[in-house]
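As structure tokens, here come the structures.
What follows is a pair of complexes built around chain A, which joins chain B in one and chain C in the other.
Moving on, here comes the complex of A and B:
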């Protein structure tokens, strides 16, 4: 049963800091939106408030004592542990970067900056809630808090038919997935009579096999929950919405969907699997196996024939969901590879979409590979930056993507899933092909006939720093691995 | 300065010179680059000399100092230090390498004065000396191999120094590729030695460690063959590549495409002797493989004979010297092959003096004759180039084996060992003697045709012939002095005994080599007498034919007698290799590149998979038709499948 009185103490408030910072920033942006008359001022101030929120969240999160043991707070609704802090830092970084790389492009896609910032920060507050959700109800709330603003964001571009279509598709299928997830939660609750992860794990540990881990109702509930969460991380076969929605939504929104949303969903998935139902892993490991294999194949094969970069990155995202899932095989020892992969993928894909936006032509989005033709001659620096992100996504050393892939493949091999790791390596060959197609277009083709836009030096600088970070992680992956492993090993 | 520091300096100074010239040569200019290269060589020689002096101050048993720079690789079972060991043997080698090297660097100042690539030249030359020093000082086989490969690289770079000329670039390539064959066997020998010690639990590649584990290597076998025999054989095949012995000698004559000082330094005095040095260094291993020792001796003797025979007919001044080098290297292998390690190393040293001198003299002649290398178009240069003439005469005298110059003493010692050593035989001695007749003959033929008689070039050309500048003739004079008195390093046993003089080199090297003293034989004077007689016979024969009768080798091969024509055509070995190895390998390559690669591999591996992948991609994306109901169906399908698996299948 849910406790009615929530005991709050100041220690809990510290642990809630990042979440509160972003929530307050979201409210702040709404206030700004109502306060200022002029569109420009509204945009600028909401942007500033959003950035300050991200900065505060990152600051609060890094204050957390990583070595301290995790604990449940707010009557067992939320966790305060190193895992939350790891993803707090990541999400705060993603929020800040999303705002910065999108800022100058919003005009071009006819999205009002204040609206974008408000909804984005609100969605992120859902993500911050999601990574620390300790019971199923909080998880569901968090998912909806994250998703609803994104549904709106996808259709926010004024007069864009594809945007509206994408929003509708996303909304319809997302609702469906939510319903399935909720149904699954109901079944699990029905069997275990508990909402909290710890309680569910406790029930499974004490109950007999028939009424516990082999209870068909419980297994059905688990399956449905996997579907719901699989939808959010875009794993095949629940991925069908991704290409259309990524393509149709304005690029700033796609950036947010590909990085923040998936990072948070992945964190929630790992927390649920490791915290609540680890005992039944014999059952769901095969499912993870199948989802991973299907995702790697469908994503990589699908990306091959794409000529639209956003669509290409959508398919590649499906494949990355598959690689990410390989990291789960390290359970129950702690899936540090999984968390590291999520972080590296989110940063790399954000960089790639950010750079893609930077290349936007005046009044028109850059979407096709041929739009990027000759970018290396016209904007060698930004083309180099884009190349770094693409190489990282392809998993080519010395970029972060290589190190991350190494850790998830290692997890799969150590768990004895050599075949799956081999499949991962083989399908990533496809990746090398389609990412390099973009790289080749940029560096070897003759410049396309585009006028060149009013690119922002700030965005360029930030993306350049992000590219350096990706290279740095690629050369020295040890510290990130240490943090990810530290954070993830305490989940069990 | 400690000995360790001195040893490190000997090696690192030439590297510093190479780096300075290589990276900043264009900044400090062509003129300075030559002086810089000579300066580091002088410094390196000074360090080497004081290091050897320091070594001689130690007691004979403790004359081995190792200088460790850093750990090169550490893979638990295999640990290799970047370490250099100075002992009496490597001491002799570094004195030769830096000493003769320095003289040749100085000479190069004059010889390369008008070449635009001087900076590159001196950088390569310094780099070569560095690698040669790594080779001789290396404390373990991998470090020696590093030098071994490094000198090969520099040799390649310097043979093809004038790479605009396709033939010269090809010569460099030929040298490199031929050496690769030998290098592979060297590596194989090295691995097998490591394997033997590793099996026994004390894997090492350091010379000291290997020697200490001699018994382990003696017990090990490769199949039915004793491992010592296998390793010794592999290493010797490596040596035939680097030291131009049968069957891998073919690259050395072509290597004459490089600048002449390079021929003197790399392809006469130092690099080509690396194989002899290696066999001497591994003498304890060869002692365990008497069969291989016999092979070494015979390969050496046959090479000495064979190359001398070609030298009899060659007409290019540098080619004659090249075959002469191959032949003299054969003598050295004959020496070490019969267990006369001191004799082999002694000949290596004296050969460095007189063959270096001969090449530098030839360079001076070519320099004076404006690039002409054909001895049929020379003659009468005696008065035009007096310095070159007199020094060349000393060197010719020495190599022909006429007393009392250096070549006589060292060659005589090899022949003495070939006859008297437990590993020697009359047949080996005879082969050496016949080669000695031919040596004296072709050398005086060369000398006479070049310097004596009437000029056979156009008058205008002859008038332009000039003596080389002092920067070139002074090194000639120094080397001539060494060629003349170098024999004093190791007087023949009988003479030393009679005069109560020490045998410097034998005593100095005694701690390094296995003690297997050849009994002091009473036939020493008789053998020496025979040596003198055959040398005299060859000399007088050549003088009779080419000076008295004024014979000039004809240009038209068709008018030659069959044996001479065969010798001039190098016994068709290059052609045979071409037919037996090069053409089949090329054919195989063409076959693999054409039908196999283009038709099979490209089709099957490079065209088929993408086609399949694109086909699949089209299928996968055709599901993506934009219809949201269809998406929902897929989602449901996945859900049902998972449900079915978890609730039905698992039960």
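Moving on, here comes the complex of A and C:
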């Protein structure tokens, strides 16, 4: 009889800790959903299991020795390095916060808490897989594991007229993007004869220019992959779905789409560009240049005319995808600015959507700017918290958004892309206008009928702490920059 | 004549293009779902053909995974279409536009 040897050692399992914690939590929530009779108990216990999973994941991730060299595990399918640990901590935080800030809103949008929690945790397990994917197959599977639950989540609201339509739009365009990405992968595989990032990089380093970096088939594959990933991070011109889907989906789901999904997609993008195809950066940087410039313009211009805060934040997210991409020009040196921007943006936008949920009207999903009028008079604390998040998104000091923008603009300037950095500065000055429009509505206008149905103190407290964290990062950005730089410097 | 790998690649490119055009131009959701399947299968065929060209199994392994994913995706897509049909009574995308843009 042949001895059966599992190709897994305990060191690998430790490195997989955060992923396993979230995956087991997802299965745990499904079990809880089947075990308890009463709807209320199901919701409560699935919430607890989800939070414990997030906590364990954050705990496991922070145990990683950050100075240790990265390595490939599980036969080269996954990386275990400081980069995955950085994003593990971020994603675990986002998961915990998403669950907490959404908790009281789920009733209002008629989504069953157990279903929301189960699908959200499942989607996050895909994200944890995505940030450590070391070959194209794992990347594709991780993207699908992340996206499929979110398609369902978008259409989960029982009472919503727009939710189903948003789900359909998201599904069709998301699947289109996945299929384009997959065809790109097929072409890249066809040229390089390998799926692993390290092997692809190795092939490009040894092959002649004609069969490697200048090969049209390979470049076509790379472009298709960038299109697919561009959809996922919602960079223009692949952003058309974003405003509709963000508006139509229930706000808790929008929170998850804007923070977790984008952060994981951005991490996977950086990992692929730096780890696999860095040698062709002359080619893809042109594409990234175009994506960044278009996103900054389309996002900021689109946001100007919006009266719906969810649509406004969707367009602002497109603009932020552009700023984020500026951080990529720092390659081949560490793209710490990119990682830091992703982290700061994800936390700020999660806070903004969380505060929006806190202000949400009973049974109504849409929050227009005029609904927020006078919020500063009725709920001064929460309005201050919302203001901090909006200022951070606008990039106004002393918030985290300013510090993060500083680092990505500096990266672009150092790489010689001064024009693009200038465009970034101009558009973000221009963009500050629409964030301030919301802030002014909250503080200057006369109170509208803003119910703020469940004034949950817990959610308020958590959001308040998050706002303090955003201010803290803004005043002392050094430590986050240090971690992001440490995590992103060894990708190449 | 035995078909060479390049023939398979041409077919895969045709399948993929048909799929893209289908998703972008057709208005019936069920046809759009089929077009997405065409795209995925086009990619699958390319993976298998390349795998044959390189004399290795990686590409074929990918195609097995992709088939699984495609099944899951089709299930979710059909579920969304059924829900939308119950709500609106139509499977045409141009008749379901509450959201602008």
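Convention: the second predicted complex is superposed on the first by the 482 of 492 C-alpha atoms of A that agree within 3 Å, B and C clash if a C-alpha of one lies under 4 Å from a C-alpha of the other, contacts with A are read in each partner's own complex, and residues count from 1 in each chain.
The rule we apply is simple: a residue touches a chain if its C-beta (ideal position, glycine included) is under 8 Å from a C-beta of that chain, and two chains touch if they have at least 3 such contacts.
Nothing here was measured: the structure is a model prediction, and the numbers come from that model.
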Contacts of A:176 with chain B and chain C, given as first, second, both or neither: both
Contacts of A:140 with chain B and chain C, given as first, second, both or neither: second
Which superposed partner A:272 touches (first chain B, second chain C, both, neither): neither
Partner chain in contact with A:190 - chain B first, chain C second, else both or neither: second
Which superposed partner A:164 touches (first chain B, second chain C, both, neither): second
Partner chain in contact with A:152 - chain B first, chain C second, else both or neither: second
Chain B versus chain C as contact partner of A:83, first or second or both or neither: neither
Which of chain B and chain C A:47 touches, first, second, both or neither: neither
Chain A positions touched by chain B in one structure and by chain C in the second: 168-169, 172, 176, 180, 240, 243-244
Of chain A, residues touching chain C in the complex: 136-137, 140-141, 144, 148, 151-152, 155, 161-162, 164-169, 171-172, 175-176, 178-180, 182-183, 185-187, 189-190, 193-195, 240, 243-244, 247-248
Chain A contact footprint on chain C (complex, rising order): 9, 12, 16, 19-20, 23, 29, 32, 36, 39-40, 42-43, 46-47, 49-50, 53-54, 56, 58-59, 61-62, 65-66, 69, 72-73, 76-77, 79-81, 83-84, 87, 93, 96-101
Parts of chain B lying in touch with chain A, wherever the complex brings them together: 610, 613-614, 616-618, 620-621, 623-624, 626, 628, 630-632, 634-635, 637-639, 641-643, 645-647, 650-651
Chain B contact footprint on chain A (complex, rising order): 168-169, 172-173, 176-177, 180, 214, 216, 219-220, 222-224, 226-227, 230-231, 236-238, 240-241, 243-244, 283-284, 286-287, 298, 301-306, 430, 433
